[in-house]
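Look for subunit A in each of the two complexes below; its partner is subunit B in the first and subunit C in the second.
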Partner chain A sequence: MLEYRVEIALWAISGIIPFFMLNIWTNNNLNESINISDVMLSRYFLCAFFVRQFSVVWVVFSFEEDSLLGKVSPYLIQPLNPFFRYFAQHLAEQITRFPFALIIAFFFFLFNPESIWMPNLGILLLSILSIFLSFLIQFLIQSIVACLCFWTEKASSIERLLFIPTLFLSGLLAPVVSFPAYVKTWIYLTPFPYLIDFPANLLSGNETNISGGLSMQILWILLLFPLFKKIWSEGTKKFTAMGS
Partner chain B sequence: MNISKYLKVYKKFLHTSLASELEYKTNILVDLITAILSLIGSIFLLSIFFQNNGYIGGWKFEQALIIQAIYTILNGITNTWFNPNLTEIVKHIREGTLDFVLLKPIDSQFFISLKKLNPSGFLEIILGFFLLFFCIRINQINLNLSFLTLSLITISCSICILYSLWFFISTTTIWFVKTWNATEVLRSFLYIGRFPLNSFSFSLRIFFSIFIPIAFITTIPSEVFLGLSQSWKILLEVIVASVFFITSRKFWLFALKFYSSASS
Partner chain C sequence: MVQNIIDVRNLSKSFDISSKEPGIKGTIKHFFRRKTKNLKVIKDISFEIKEGEIVGFLGANGAGKTTILKMLCGLIYPSEGSISVSGYLPFRRKENFLKNITLIMGQKQQLIWDLPPIESFYLNASIYDLDKLEAKKRIKKLSDMLELDEEIFIPVRKLSLGQRMKSELLAALIHEPNILFLDEPTLGLDINAQRNLRKFLQKYNKETNATICLTSHYMKDITSLCKRVICVHEGSISYDGKLDLLLKKLSPVKDILIVCRSEEDAIKLEKYGFTVKNKIKNEITIKIENNSITSSLKTILNNFDIEDLFINEPPIDEIIGKVLIKKDYDI
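For the complex of A and B:
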């Protein structure tokens, strides 16, 4: 992973959309209407950036490439689910991305010195846990989509479709508190706010329901995991290797 | 340069890429839904910004919708032409197949920029035009000849700038080999084009007009639509577009000198 330092640095930069959004929010005083101070909002978006950095998943694209090139067949013979391989890849890349994310955070604090804060140890550990759970939810959803490769060959377009609600509803571009009431009534039942909004609120010290959020995250994982196992076993039965 | 020859070659490109893309018909349907959802999502985001404010950066909601419409059209153009072709450059260079392109008796930039086409981007362009016509109605814009020519000029300049930006980034592959992520950075910067330039703070505004001229891409054409644009801005856009286009061409020819093919 360290071989691709430049690439990972670019990945980190490509995640800076939350900072542009923060700029729109504070520059137009939009946050006054939702009762969040400038400082809290800037911490929120910084945390959203962090959560995104450590929960981004691209297993669909790796799996699609491998399955189109016929690389999946040797993986299937191994006594380990090939998704563990991708899982380990993701974790390794997240660790390499950490220093770059810290550099970006450093620059952020340089420009916004008033928003420096230190979450206490308990909150920090809980938010690391919730970021990891958010990563797991996204990994499971994408793995399920990736398994559709067994049927359609081009699963990445379905992933791009699913990315749209993730982008707009997860809280990456606007905190979920600011959403209009007709969206707020049902959004907390979907997995989206638990992907970025909940961990970011937790880490930044904004108001949030900690036990409720964590249990919803775990609930979604418990729902998605059997689904993944089912679709995986169906898919491998359907699988016909290239050239055989 | 023989224009009729290039037109003929382009017709062949169109034919082959359409034929290969239509193999994946369900894909096109999924892409259509994605385009619609993406537009709904960005209008939703815009409505959040406007829910308690009448103006953002001096733009009303109806006016800001024009920016969305132009962004959608340009994004459709990017997805139809720029994205499929210019990500291909990365592949050409990594696998050494750029040799075959360079050996062809045709301009290499023409070949790699227009070879492929992704028809699902058309849907986005159509959606964008629908929204644009809707905006023209709700903003009560009078259509007349000078307005039409001005908007045509500014939009073609935007396309020019957009193309040059993509082409620049892709050309750097000759040195760095893997620039897949660089296009991702460009993509996230272009995202800013969905919002009026004035809604950002002063330093970001400078950044987006000088270093990455995203400001020119959507804000100036939208101002033309609203009749707010000063003529110096339009002139500036024309100059920026031609500078970008010419440098991207020069940069490509310069970069080719450094190309050493894969196995030699």
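For the complex of A and C:
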């Protein structure tokens, strides 16, 4: 069991990109250009770390592997869409990661005591909701891409194309507020800023449009869900039960 | 009258297959101008299966047996024709249809690798809407039938292939389906495990009147379970009927080894008019047609001093092997 515990711990640690970005931002005083204090910026990146921990999705890789190895076939003849299995696996993984994320937060506060804060209960609950919605958006996007496995054997390559905008426009490397105004207008029309930037700003106490952000998250889910259902129903007709 | 539970009419299935030449040149060519061809793997087949029947699908590798099973259970979409299983169109995968069937593919597992089988059993039980008490009852019943004990509490990755296969079977049957699609269920199992699995399937069929469609390359699976076989040759049905009829047709004679008391008797027997296969001292092997075995044996016992007598069935694998390479059997 030791190897599993280490794997989970390493997994949690692997999501520390926001801390590297915090270091780059503060060492170069980049935050001054966007009028965010050091403390608020460090809280933002800590929250970005937390949001990432609980919204990261890998369903396209799992589904692709299972498709190629013929493991999807037994799932398809059960009265439950196989994506519910992957959904449950993700939730279980998030619960397992939680203690490790708390340990990392503890060390973060140990070295940055000025950043310690406690969001009020209302904000905390809205943040949890927003993180869950962010997870749902990412899960739906990846599930749609995963369904392309019914047509191509390498759907994960298509997902990698999405990784680039996700990395730059989601707020993982920089808060979206730091982008030029005309770019921001376009970014806010995409689902990407609602994946990390919005929930992280909400949780860290930075100024943000709560109702607007939550509405956009729900809107994207409502748009993506029927698309997923359509691509799933068309894809299963193309299924060749490869590898089984 | 027993109802048809499976009805297949003019079923065909085609796949687009791409091919690639070896080497870098072949890879570049494959990337820019992929060669694909449409391959018809199932060609206009029709058959019915009655409730409670155990039917064996026979055919060489790539003949199309597994593709037929996959279409029957709704896993793949047919290109042409119609299929009705339990009154449902399988590829629509309606909940009530899926609750009535199961598919077991040898070596392809649905058990969660890092957890004990019992966890997968309870997971499947909830997928099929069984309450915990009912699930427990069924796990107990099936574990007894499959002779599974403490193994169900050990992580799957630590179980032997036989134990894993039995656990797979339990996981696949927890919802008590009335149609079982088994694709080489005994693949890789040792002789005892194979025998136990066959015994279990016979018992399950007897107790639940479940319909079983089975493919296997182990002839013992077919002969001990199936009264009826459907032979598939290059996507078409070459024979559909009783197994014993097929065997009689393909092997109309039996070898009889007769041990005479003296060599003189053996010589006399050799000259009597039977077709002699070989003779060594007082032992003589003759060929007798199936329909005249009783009368021929009566003649031999009445006219010769016999010490011992053996009737040898020709090896079943040899007979079935003939079926796999022939296109049509009119019996």
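As a convention for this text, the second predicted complex is superposed on the first by the 239 of 244 C-alpha atoms of A that agree within 3 Å, B and C clash if a C-alpha of one lies under 4 Å from a C-alpha of the other, contacts with A are read in each partner's own complex, and residues count from 1 in each chain.
The criterion applied here is as follows: a residue touches a chain if its C-beta (ideal position, glycine included) is under 8 Å from a C-beta of that chain, and two chains touch if they have at least 3 such contacts.
What you are looking at is a predicted structure, and each value in this text was computed from that prediction instead of being measured.
> Now for A:I77: first (subunit B), second (subunit C), both, or neither, which partner does it touch?
second
> Does the superposition put A:F20 against subunit B (first), subunit C (second), both, or neither?
The answer is first: A:F20 touches subunit B but not subunit C.
> Just subunit B (first), just subunit C (second), both, or neither: which does A:K229 touch?
After superposition on chain A, A:K229 lies in contact with neither partner.
> Could you tell me if A:F239 is touching subunit B, subunit C, both of them or neither one (first, second, both, neither)?
After superposition on chain A, A:F239 lies in contact with subunit C alone.
> Kindly classify A:K154 by the partners it touches after superposition: subunit B alone (first), subunit C alone (second), both, or neither?
A:K154 sits against subunit B, while subunit C stays out of touch.
> Mind working out whether A:P180 is in touch with subunit B, subunit C, both or neither, as first, second, both or neither?
In the superposed model, A:P180 contacts subunit B only, not subunit C.
> Using the touch criterion from the header, give the chain among subunit B and subunit C with more contacted residues in subunit A.
After superposing on chain A, more of subunit A is contacted by B.
> Determine where on subunit A the residues touched by subunit B overlap those touched by subunit C, and list them.
Shared contact residues on subunit A: 4.
> So in the complex, the part of subunit B that touches subunit A is made up of which residues?
24, 26-27, 30-31, 33-34, 37-38, 41-42, 44-45, 47-49, 51-53, 56-57, 176, 178, 180-182, 184-185, 187-188, 191-192, 195, 199-201, 204
> Could you pull out which subunit A residues touch subunit B in their complex?
These residues of subunit A touch subunit B: 4, 6-8, 10-11, 13-17, 20, 23-24, 27-30, 32-33, 152, 154, 157-158, 160-161, 164-165, 167-168, 173-174, 178-180, 183.
> Taking the touch rule as given, give the residues of subunit C at its contact with subunit A in the complex, in rising order.
15, 70, 73-77, 91, 93, 95, 98-99, 101-103, 105, 108-110, 114, 124, 127-128, 172
> Would you pull the subunit A residues touching subunit C in the complex into a rising list?
Within the complex, subunit A contacts subunit C at residues 4, 70-71, 73-80, 236-241, 244.
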